[in-house]
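Next come two complexes built around chain A: one with chain B, the other with chain C.
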Partner chain A sequence: MNLSDSKKKLALAGVVCGLVAVCLALMGNPANMAFCIACFIRDTAGAFGMHQAEVVQYARPEIIGLVLGSFLISAATKEYRSTAGSSPMIRFVLGVIIMIGALVFLGCPLRMIIRMSAGDLNAWVALVGFILGIATGVFALKNGFSLGRAYATNKINGAVLPMIVTGILVLALATSLLKASEAGPGSMHAPVIASLIGGLVFGAFAQKSRMCFAGSMRDVILMKNFDLLSVIAGLFVVLLIFNIATGRFVAGFNTPGVIAHSEHLWNILGMYTVGFAAVLAGGCPLRQLILAGQGSSDAAVTVVGMFVGGAMCHNFGLAASGTSLNPETKELVAGAVPPNGKIACIICIIICFVIAFTCKREDAKK
Partner chain B sequence: MKEVDARGLSCPEPLMLTANALKGATEAVKVLVSEPHQKMNVEKYARDHGKKSTSTEKDGYFEVVIE
Partner chain C sequence: MRKKELKLVVTFHTTADAMAMEKACREQEVPGRIIPVPRTISAGCGLAWCAGLEDREQIAAMMKKTGIEEEDMHECMV
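And now, the complex of A and B:
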C-alpha cells in the first residue's frame, strides 16, 4: 500500500484523517481540539501526575493509537526500521520547545488547522507565524543545518515506545493509578475504544501518507513541492465542510469556549517557535509520533521531550489561557499568555537559532 | 559515478543532497538512503526532472541510481 505516490491518494489520506477527527469530536472530544497532538500529550503527561493542572489530565488513547497504528502498519509493510543516534539530546530539547510554543498558541499545527476550519481567526494569524518559522528552518537547512546521521540499532530498541504506550493503555484500562480530569477539557473525551481506533486509523494513514504539517509547508518553500500539502488540504476541506454543515463555523477572534486567545503577537510567536523547531527536528508533533512508531528512537526522544515540555508548561505557568465567559457575570474574560510563557517563548526561539546555525553537516562546515 | 550518501539523515536532507548532486551532472548519480519513503522521494524527484532511476535494496539501505 502506497499512499504517497499521487496527490489524489495523499488528499484522500487527509480526508480519512479529517473524518476521524470529526467523529471523535462528535463522540465527546472537545470540538475544536478534536485531535490535538500537543494538547493530548499534555493531558497524558497530566494523567501521570507530571503536572498538577486538574482540568487537563487524561491518558488520551489517541496518542497511544497513533504510535501503535504507525508501528503496526510499518511492521506489516516492511517499513519498520530501528534507528537512533542523530543528536538525541538536541531532539529532546526541540521536543520541549515545540510544546512550549504550542501551548503559548494553544494547539499543535493539527489543531491550528482544526481551529482555522472552524473560523477561528486567531489560528489564521498563527499560521503566519508558523510559515515564518518554517521559512527560518528552511533558511538554516540551506545553510547546511543537520542533526547528523541515525544508525541501525537492535530491533527491539525501536519498539520500546510502542511497548510503553501499550503499557499506558493497560494502566488506563486496568488500574486507577492514572489521574483523570472531572471537569474541563480533560474530562471531555470520546469513549476509549473509539479514541483508540481513531488513533490507530489516523496513525496508519499518517504513516503511509507521510503526513506532516511542518514538512508540507517546508517542501513548498524549499522545493516548490505540493505533495504533502495535498494531505493537509484534504483534511482542512473535510473539517471545513463539517463545520459549515453543522453550524459550527463561527468566524471571529474572541469566541468563548474555543480555548484560544487573541494576543496576536503571541499567537504568531508561539507557532513561529513550533514551525522553526519542527523543521529542525524533521517533522511536526504528529510526525514525531509516527516516526517513533516506525522505529526511530530519535523521534521517540523528541516525544519524551514533548511530554516533559507539556508538564513544564503547566508547572511553570507558561501555557496560555483561553477566552471564556464568566459564568456569574456573563462577561467575556480574554485569554492571555502569562509573562512566564512569553519569556519562555523568546528563550525557545533563541535556542532554536543557536541549534540551527551551530549544527551543520560536515561538508557545510568548510 | 557521483555518490550521495544520505543514509541516516532526516528529511529533507536526502532530497536536498540529491538535488545538489544532480545540478549540472553529466554522469549518473548514485544516492544511498535508509528509509523506504526517502527512496520513493528520490525516485519521484528523478522522475519529475525527466531522469530515469533504478533502485535496489541493499543490506539495511537503498541504492538509487539516477541517469
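And now, the complex of A and C:
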C-alpha cells in the first residue's frame, strides 16, 4: 500500500501510530509518556548504567522496535541505503543537544503532541518554542547551512545499529545484566512483547510516511507544504479523541502525574533547542531512529549522541523535575528546571548557532 | 485538489544544494519551484526542484554554469 500519495493516507499513518501509543499506555506505559523517544532513550541508557537515576532505568523495547521496524520495512521494500560521512561528530553533538533540550522540557516532540492532546497547556507553550527553533533552523538553511553530503558505504555499515539494538533485546530477555527500575516511570511499562510489536508497527509506518515532527514544520515554513504535517495531525486527532472519550483530557497547568513543569520560559527554550538542533541534524529524535534503521550511519551517530545526552542529563543534574503531589502532606510540589539545566540549555542554543552559521555549503564542498 | 502532472524533478545530495538551486533559479529567472522530494523517489526527507519537462535543458545549463550538482533528474507525477 502506498501511504504517501495523498494527505488522507498520510494522516492514516499518523492515526495508526497514535493507536499504538494509546494501546501501550493502556497496557502499562506511563499514560502521558506513552511513546516518548527522548524518555525511552534515557531509560535505555539508564538500563546500561550510563546514569544512576534509579527511577528511569529500563531497556525500552519500543526503541528497539522502531529501529528494527524501519530496518525490516526498508529492506523488504528495497529502500535500505547504507550511507555515511556527513559530519558525524557534529551530528553526535546535535544528538546530545537534542536530549538536553528535550529533558529540560520533559519530552521529545512526540511526547509534546501526546501531552498537548491530553490538555497539558505547558506542552502548548513549548510548541511555540519548537516552532521558533525550527524557524531558526530554516533561516540557517536559507543562509547556506550544510553538514555536507553522505556517501554510499558498505551495506553492513547501515545495519550496525539494528544489530546493536537486537543485542540489547537479547540482553534484556536472556540476562539480568541490564538495570530495571522498581519504582517511578521506569517501572511502568507494557509487556515486552507488546512494546516490541508496538515499536515495530510504529517504526514501519513512520518509515513509510516519513513521519517527522521537525520536518513537518520545516516544510510548512519553507514551502507551505502540509504533507508531513498531515501525519502529525492524524496522530494528534486520534489521541485527542481517545483522551476526551475516556475522560483523560484535563486542560491546565500544574497537573500532578503528568510529569511536566510550568516554567514557561524553559519549556519554550527547551523545545526551541530541540527544534533548532533537529532541523540542523535533518530530523526529530523519532526520525533519527527511522533514518538509522533504513541505513544512515549519520543518523545512527546522532542516536548515539542522544544516548550520551540522556546519561549526561541525569549525571550532571540537567533534567527538569515534574510537578507532583507530596504523598505525606498532599501539597503540590512544583516541578522545575535545575540551574545546571538552564545553563546547559543556553550553552546548547549557542552551540546550535555556531554550527548553523559556520557550517556552510561552500566549505562542505571543498 | 490540484491535478498531478508529469514533471521534471531534480534531486540533490544536500538540502543546501536545493536551497542554492532555488536562489540561482530566482536570480536567473529559471522556471520551477522547490518541493519535498516525492516519496516515490526517495525515503529521505530532502528537498527537490520541480519544473516542467520542457525546461530540462535550460535547468541543466543553468546548473552547469553555477556549479550546482544534481543527485539525479527524474520524471514523475507531482
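Everything that follows uses one rule, which is that the second predicted complex is superposed on the first by the 361 of 366 C-alpha atoms of A that agree within 3 Å, B and C clash if a C-alpha of one lies under 4 Å from a C-alpha of the other, contacts with A are read in each partner's own complex, and residues count from 1 in each chain.
FYI, a contact is a pair of C-beta atoms (placed from the backbone, for glycine too) under 8 Å apart; a residue touches a chain by one contact, two chains touch by 3 or more.
Just so it is clear, the structure is predicted and the values come from calculations on it, not from any experiment.
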- Based on the superposed arrangement around chain A, label chain B with chain C as either clash or fit. clash
- Task: Examine A:251 and indicate which partner it touches, taking first as chain B and second as chain C; both and neither are also allowed.
- Result: neither
- Task: Could you tell me if A:223 is touching chain B, chain C, both of them or neither one (first, second, both, neither)?
- Result: both
- Item | Touching partner for A:283 - first (chain B), second (chain C), both, neither | both
- When the two structures are overlaid on chain A, which partner does A:149 contact: first (chain B), second (chain C), both, or neither? both
- Using the superposition on chain A described above, determine whether A:215 touches chain B (first), chain C (second), both, or neither. both
- Which of the two partners, first being chain B and second being chain C, lies in contact with A:170: first, second, both, or neither? neither
- On chain A, the residue positions that both chain B and chain C contact, one per complex: 2, 4-5, 79, 81, 86, 141-142, 146-150, 210, 215, 219, 222-223, 227, 282-283, 361
- Task: Over in the complex, which chain C residues touch chain A? Could you list them?
- Result: 13-17, 19-20, 33-36, 39-40, 43-45, 47
- Query: Can you list the residues on chain B that touch chain A in the complex?
  - Reply: 7-13, 15-16, 19, 34-37, 40, 44, 60
- Message: Quick check: in the complex, which residue numbers of chain A touch chain C?
- Response: 2-5, 74, 79, 81, 86, 141-142, 144-150, 207, 210, 212, 215, 219, 222-223, 225, 227-228, 282-283, 287, 291, 294, 360-361, 364
- Give every residue of chain A touching chain B within the complex, in rising order. 2, 4-5, 78-79, 81, 83, 85-86, 141-142, 146-152, 210, 215, 218-219, 222-223, 227, 281-283, 361
